[in-house]
Amino acid sequence: MNNFQNILEHIARDIELVKDRGTVASYIPELAHVDKNKFGMHLIDAQGNHYGTGDSEEGFSIQSISKVLSLSQAFAIMGDKLWERVDVEPSGDPFNHLSLLELEHGIPRNPLINAGALVIADVLISHLENPKADFLAYVRKMANDENINYDMDVAASESKTGYTNYAAANLLKSYGNIKNDVDDVLDFYFHQCSLKMSCRQLTEVFYIFMNRGKCRRGNAFLNINQVKRVNAIMLTCGFYDEAGEFAFEVGLPGKSGVGGGIVALLPNQFCIATWSPGLNVKGNSKLGMIALEQFTTQTGLSIF
Amino acid sequence: MNNFQNILEHIARDIELVKDRGTVASYIPELAHVDKNKFGMHLIDAQGNHYGTGDSEEGFSIQSISKVLSLSQAFAIMGDKLWERVDVEPSGDPFNHLSLLELEHGIPRNPLINAGALVIADVLISHLENPKADFLAYVRKMANDENINYDMDVAASESKTGYTNYAAANLLKSYGNIKNDVDDVLDFYFHQCSLKMSCRQLTEVFYIFMNRGKCRRGNAFLNINQVKRVNAIMLTCGFYDEAGEFAFEVGLPGKSGVGGGIVALLPNQFCIATWSPGLNVKGNSKLGMIALEQFTTQTGLSIF
Amino acid sequence: MNNFQNILEHIARDIELVKDRGTVASYIPELAHVDKNKFGMHLIDAQGNHYGTGDSEEGFSIQSISKVLSLSQAFAIMGDKLWERVDVEPSGDPFNHLSLLELEHGIPRNPLINAGALVIADVLISHLENPKADFLAYVRKMANDENINYDMDVAASESKTGYTNYAAANLLKSYGNIKNDVDDVLDFYFHQCSLKMSCRQLTEVFYIFMNRGKCRRGNAFLNINQVKRVNAIMLTCGFYDEAGEFAFEVGLPGKSGVGGGIVALLPNQFCIATWSPGLNVKGNSKLGMIALEQFTTQTGLSIF
Amino acid sequence: MNNFQNILEHIARDIELVKDRGTVASYIPELAHVDKNKFGMHLIDAQGNHYGTGDSEEGFSIQSISKVLSLSQAFAIMGDKLWERVDVEPSGDPFNHLSLLELEHGIPRNPLINAGALVIADVLISHLENPKADFLAYVRKMANDENINYDMDVAASESKTGYTNYAAANLLKSYGNIKNDVDDVLDFYFHQCSLKMSCRQLTEVFYIFMNRGKCRRGNAFLNINQVKRVNAIMLTCGFYDEAGEFAFEVGLPGKSGVGGGIVALLPNQFCIATWSPGLNVKGNSKLGMIALEQFTTQTGLSIF
């Protein structure tokens, strides 16, 4: 379908004209240096054909997008026992993330908010022999790509300034919902978030969520019921307190990161990734949201 | 597909064995009399074929399910200007519905919580000549069924005891987000919620959300972009603070009511409704949730 | 002590120079007409000597100050059983008054927030034969002054626009913490708040709280333990979410109203009232707060 | 006044009969070992006369009572500039301490909740040359007692398990309201809370708050306006979410600690301390609250 290629290029041209490109995240100092004018978009279809435009092969910090990958690994290990430690409801909350934790006695609302991802990190540390190396190997295997790596500068930068995450991890520990040492959990978490990938690589990694749990070489990472559940969590919880808006405008399960990346997918049909570093007020990539809305509107392809 | 008929009957037999059927809603006195042992399930496919089991043709009070219908009519009238008065985010909130209203200055989180539905009711009163009659006519036309009616006893019962709704409506009025008389808005709202339908009728009415906005006779009630958005809202907001759970377990856009009904749909494929009056602690039909989870797990049919 | 007279006059002269006099309350239309330049201050000492300055003998709408009087009457009737229906803790809450009610299942935080005062109104309606007349008689008797009256225009004005109070009353009713008809409770409440008094009259009425429960003619309205408790509630809860600030700056038990009045007292020594219609952002009289802070600082007279 | 001695002994006899002595705090492991049957009560009057009963000369961990002392030292150093970093309103909040911080952007409600005390600790670290030593010297000087010391075991115990405080300090740091290293602030804070004193020593230390800022040897620690403000904060914020109740029942400014101590005072008249390790559900000494209520009721001595 050259059609996909045409649509991506058409949207990219429209996007170029948008004046307000949002604000590059500054709370992680290392991310603040990224060029705001970058824009990439990439799609892989069910047959494995690639379509890309702009900076779609340039690596960037995937940040919170990595939460879907750690969730996937933890879910494969723990099965449904995982849900004893984290819920699957949208947080619906623009501001007081920690208050929900207090209200709900240390059980995070879902695995895609920071508190939930810290619990997932704790689960992985308990079950993996060499947590950071094993998680990286897992992600590389999903994409069949040994070039995927942590960005140590980004991890170090967040480790120095991530006070909110230190607060969340200690609060979870006070409720007994972190079993390992708080510093170990945060070290793992900051590395996980520092994963560097291009849009193209993201579509390769997330191919399993579009393909009933199997990567392009046919290896199963999750069973079909598990994939359905991870996709459901992406849809209801993948965009902070803008999850409803993303479902409403775009209509695909997906996940965003403060590095400016977004990945989304239509089961059995395609996986798509965008990158534009400027964020909107809710912390999601401004141009990425627009591009994906245009994509599902123009193609009529969405889960709804 | 006689297959659908077999699956429905198989699930109904399993459901019969479930011992804890939940609790019948008692806060609306008139609903408390309903027989807890009722169970019905009905499906209509894209071609208009009907499959049903149990009490699928017996009418019950659809209650909050009606919010999707009033939303639909208001959206058709107002277009995207509607979203200036109500948001599209999940409330994620187990307990303090009114506090969110206060926090967000009178803009309800979404049109499927009570406060949001009251704003929608206010919109309809402003735009319809004979609001109650016109809304009923709209619903009858969707289903091509003149037998659909309000249950005046239920409406009267709720009017006498619906103090929480009186509170919400007055709070909205204090923020200027109700334009008409509070009593008129509540009178419309209590009638809307009292609509009585069977599972079979529900699938006929909700056929338009599965069929890109058109009813079975081909009349368009919403355009394709609007249907996508209403389905997105059902998925993220249709089950109170159990929306994530329903997406996670069932994986279909849908809506529940305290009368024990649930309706859900897979775009372009089918619309399904269940009825069992006993509710779980979150206020959704206990057996209906189980039946629908089994249905999408056994058929492998879901949006994810 | 001509000293008191000198101090009052000295403060009044300083107050005249304050440029920003705050904002007159507009949410009760009838109150919006009041002249912002009014300023009165009045003191009665334990011996019954009067000291006044400015508009200290002009009547104004005492509004929430009346909550102390209805509390007093209900406490005298019910004794400590009253505290089963309302708590005695500061609400500490700048914005979401109703959310606290939801969180705490219909038991208002204290009798001086609106929700608490509505419960007190409900108690009085249950126990008084002619609630409005009997409450007025009670207040007149405290002050030995038959000229104290409701302002029917203010009561009618609030009855038409008091949607937040309608919301609170209905929410309380939904929790069963209002026993009478909601409309009757609100009618009583709006009348109670419409009481019109001058600063001089306020000091006469509140004399009992400074004088161990007895009015100037020696009649006991509360016993000494009850007065201690009402004074404690005034100190911790009398100024909405500025209670801490008032205790901190002024250091006296007291109560404010949106009509611009404040009354405060030092047990066994004096009772003082101010009136200036402009309010600060927390809804307390701007100049009244300043004048009382100056008064306790200059005299060194406070409970601390 | 031998009268005071009689009253203390009389109350102590009554207290002996109370069956439910509450629960000893267990979240600081080192405190869990304390003998629940301990009870002490001590009073110093304005003239410096001492009256004591029970275990009034046995040392215990004063914990949160120390917050008044650090506040006092910081207030003396910073003056009113201190209030730019911490508010003076009661928190009124039974459960979600951190959520308030989030809501209010890192400005704690008052200096007597943990978050506020951490900000005060940060202020002292910025201004004192040897913070822990200088603070200890300050407290010893107030009491003219070189025997007052930190309990290193308690400090170490809390340092190992105080995750909630680590969470609060990191959250404050994320808002920029902690200037020093988080670990330094917590180290200071855990030492401050570990101060060990008897009831007798507590009354000596708190004598300055009853005596217009001057200790028994006449040295001024705060001026009269500052003392008034610290006493106001104790009254409105000194007992967590039971501050209203303590004002209501006892009617004195005071402060409690989870070690089971309470200190309270009547300006110009007396300072009184109790110790009983069992706590009520709000975290305040159960018998201490009862003893102090009886004391002010029997003597008729309170600020109200």
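For reference, chains read A, B, C and D in written order, and residue numbers begin at 1 within each chain.
Everything below uses one rule, namely that contacts are C-beta pairs under 8 Å (C-beta built on N, C-alpha and C of every residue); 3 or more make two chains touch, one makes a residue touch a chain.
All values reported here derive from a predicted model rather than from experimental measurement.
**Q** Comparing centres built from CA atoms, which chain ends up most distant from chain B?
**A** D
**Q** Counting only Cα atoms for the centres, state how far chain C is from chain D in Å.
**A** That pair's centroid distance is 32 Å.
**Q** Need the CA-centroid distance for the pair chain A / chain C, whole Å please.
**A** From the centre of chain A to the centre of chain C is 55 Å.
**Q** Suppose each chain is reduced to the average of its Cα coordinates; what separation in Å results between chain B and chain C?
**A** 46
**Q** All pairs of touching chains?
**A** Inter-chain contacts occur between A-B, A-D, B-C, C-D.
**Q** Give every residue of chain C touching chain D within the complex, in rising order.
**A** 87-93, 109-110, 224-225, 227-229, 231-233, 235-237, 241-245, 247-249, 251, 253, 267, 296-297, 300, 302-304
**Q** Under the touch definition given earlier, write down the residues of chain C that touch chain B in their complex.
**A** 95-103, 163-164, 166-171, 173-174, 182
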